[in-house]
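Structure first, then comments.
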Amino acid sequence: MIAEIINYGGSIRVPKSVEVAYSTPVLLKYNERIILIDPGDYVSFGFLEEYFESHNISLEDVTDILLTHLHLDHAYATKLFTNATIYIHAAYKSKPYNKFGLIKSKLYLEIINSWKNVVEIDAGVKLFDGKIHVFHTPWHAKEHCSFTIDTENLGRILYTGDIVMNRVEFYDIIRWLRNDDCARFINTIGRKCDYIVFTHDEYVKSSDYFRG
Amino acid sequence: MIAEIINYGGSIRVPKSVEVAYSTPVLLKYNERIILIDPGDYVSFGFLEEYFESHNISLEDVTDILLTHLHLDHAYATKLFTNATIYIHAAYKSKPYNKFGLIKSKLYLEIINSWKNVVEIDAGVKLFDGKIHVFHTPWHAKEHCSFTIDTENLGRILYTGDIVMNRVEFYDIIRWLRNDDCARFINTIGRKCDYIVFTHDEYVKSSDYFRG
Amino acid sequence: MIAEIINYGGSIRVPKSVEVAYSTPVLLKYNERIILIDPGDYVSFGFLEEYFESHNISLEDVTDILLTHLHLDHAYATKLFTNATIYIHAAYKSKPYNKFGLIKSKLYLEIINSWKNVVEIDAGVKLFDGKIHVFHTPWHAKEHCSFTIDTENLGRILYTGDIVMNRVEFYDIIRWLRNDDCARFINTIGRKCDYIVFTHDEYVKSSDYFRG
Amino acid sequence: MIAEIINYGGSIRVPKSVEVAYSTPVLLKYNERIILIDPGDYVSFGFLEEYFESHNISLEDVTDILLTHLHLDHAYATKLFTNATIYIHAAYKSKPYNKFGLIKSKLYLEIINSWKNVVEIDAGVKLFDGKIHVFHTPWHAKEHCSFTIDTENLGRILYTGDIVMNRVEFYDIIRWLRNDDCARFINTIGRKCDYIVFTHDEYVKSSDYFRG
């Protein structure tokens, strides 16, 4: 399995004015499959277009999309990949999307209705011959999952999802300034991985932060 | 005719990373009509939702949309207003939208195909009993038009469109640092208006800048 | 004591390109004192200028500045207020500011050296006749403190500091998706306050989120 | 003369909330000199720090700084380079910096006062053995100059300054949608250069846009 970080996710939060967030999309190649993790939001379309055009991949070539959770800044771009099977924790189904607001509800229903095939995942599930392990990490959304991915080019990757959005939060966690389940998870699993990929920031090399 | 500035447009340009621009949407009420000018892009959906919900207007209530030109940051949000007639200069039809890139071309075709009724406008056209005058101002796009609007609450408004995106450009123009058709247009027409509304900035009161 | 929220703090994080964060400055008037909490960074100068000019207050009139912690996005603007006494937890002194990088180290030393008078605060300290209570909340920085403020116009305010930067984090906490000291602190103290002011977002009314 | 583009300038304009702009700093090496063009604003300090640290150059090593004009987003960072001679058009001296606002005036005076040595430039001036040609281009500020630079690694560069901030403006100009002095200058001089470097965007290769 080969992993490519398409771009670094980011976030722009100017209260009462503009809120733009977009996750870090990771593309995985494994045998004949092309797998995306958290492809992003509308603002990500530019990155995705540049990547897919320059690599000569068509949108229809994507076979599978793993979602950490169902927020627009991670999942809106799923609508572009009409052949992909979606992998997501079942708890996403319990939210009242039709009450999310006049326009926002439309966007959520648009993407959910665009999914032709959904596979429900949960803690302990292994995907793609065991290359990807699923952890249920419901500290940002009830359906939230994190993933470890065994790759040939980047070793073992921890894709945190939004339980650690950026390096600022990561630094708080590795210094044990926080003492919750999330901090324990990152300090345990992150230590065993080679790279930790955040959803709204650059990734880090694990050995730069953990010893032994 | 009553005018409401729904929010100030803005722009975020971080090269190679994020480009987000969104125009200033203006809502006009005139008799039974609800008219929008340049409703904006996907990132505008939040403003539009807040405005429409708090004013108890449904998306289907919008009867007419005037576009200065066909760029996504001004026109993508037209897709939300399924009953609206679109007013735009005919030159928009001559662009090869299907060659705009893998994803961008889809977005352009999505909005154009969502328009049920299009009225072509040109220099000299008067709309809504002469309350709105159309000027052909092709200095940013061939189809670009600017509008003056006679309102009860804000006097005569000049809606520049992208020929003057923000106050930085406006200051250059009123000091005659530029000497082109655009500068002549703004210095002539803007002087006769009460407010000048920019597409990516706050609006200004004309008398604060022009004398006599 | 009267409190005014000068503007809402925000954050812009485009990895490898632009990182801009600026805290929410609160101005308190009490007898003859003018007190600021977390005045912000260089990018805040615009807000501060507009506020001080329109309220006819000079920069020298500020008598006291409370800092939740010593990060530039909260504390760089202290350099503007040359008469102010700084209140901060003593743990700020243990960091190697001179090793923070070629330019960043200069900025930290510039502000620390600009402080003429520093009062060290800690858990349990009460300031300004007991109107302000200090809590040591070292979950983002070792010196980090949060404050409750008893005001005439906004009731009791909890100024969280960066232990809760925005409403996204707040929503996770009040749903008990997190179970750490920080979540316990916010759910206990926030419940007893009228408003909760975040450092990088709009504030919220406590009763909209807590019952009983 | 060797040129390095330290980073791409950008701009963030969220009206009434945040305005952040930062120019494109170019570093030139020529014999024993290290020359900077438009080093940027406070928000550029991060890029500059990373560049200078990773290239083992100290801030004091910079011998010369060319400014297109005196706006903070281009010139605030001059204060970091205490040994540099500043090159700028004399018209910068006619502005009432002390009336620019409570805080903004302090920033302008801070940088102007930090300059130990200023060389006034004007149209036709040639610098560094004729490698750099100065053009007076007063269409954004009265003192505004643009530069062509003959380099070994990037051929002849046109550094536009803010008369063309980004590619959106450039596209309007090369299609002759504008017909002013600025458009004539860019279409004449830009055509003769190999690269055109904008102040708030990526640069472009001239031959991708001009023929013959």
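Residue numbering begins at 1 within each chain, and the chains themselves are lettered A, B, C and D in the order written.
Quick note on the criterion: a residue touches a chain if its C-beta (ideal position, glycine included) is under 8 Å from a C-beta of that chain, and two chains touch if they have at least 3 such contacts.
Nothing here was measured: the structure is a model prediction, and the numbers come from that model.
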* Would you mind checking which chain's C-alpha centre is most distant from the centre of chain D? => A
* Gap in Å, rounded to a whole number, between the CA centres of chain B and chain A -> 36
* Find the geometric centre of each of chain A and chain C from their Cα atoms only, then give the gap between the two centres in Å, rounded to an integer. => 32
* Structure fact -> Cα centroid separation, chain A vs chain D, in Å, comes to 39
* To do: At least two other chains touched by the same residue of chain A: list those residues.
  => 10, 12, 14-18
* To do: Classify the chain contact graph as line, ring, star, complete or other.
  => complete
* Sort out for me which residues of chain A touch chain B in the complex. => 7, 10, 12, 17-20, 22, 42-43, 45-46, 48-49, 52-53, 58-59, 80, 101-104, 106-107
* chain A-facing residues of chain D, complex -> 12, 14-18
* Which bits of chain D are touching chain B when the two form their complex? -> 8-16, 138-142, 166, 172, 177-183, 200-202
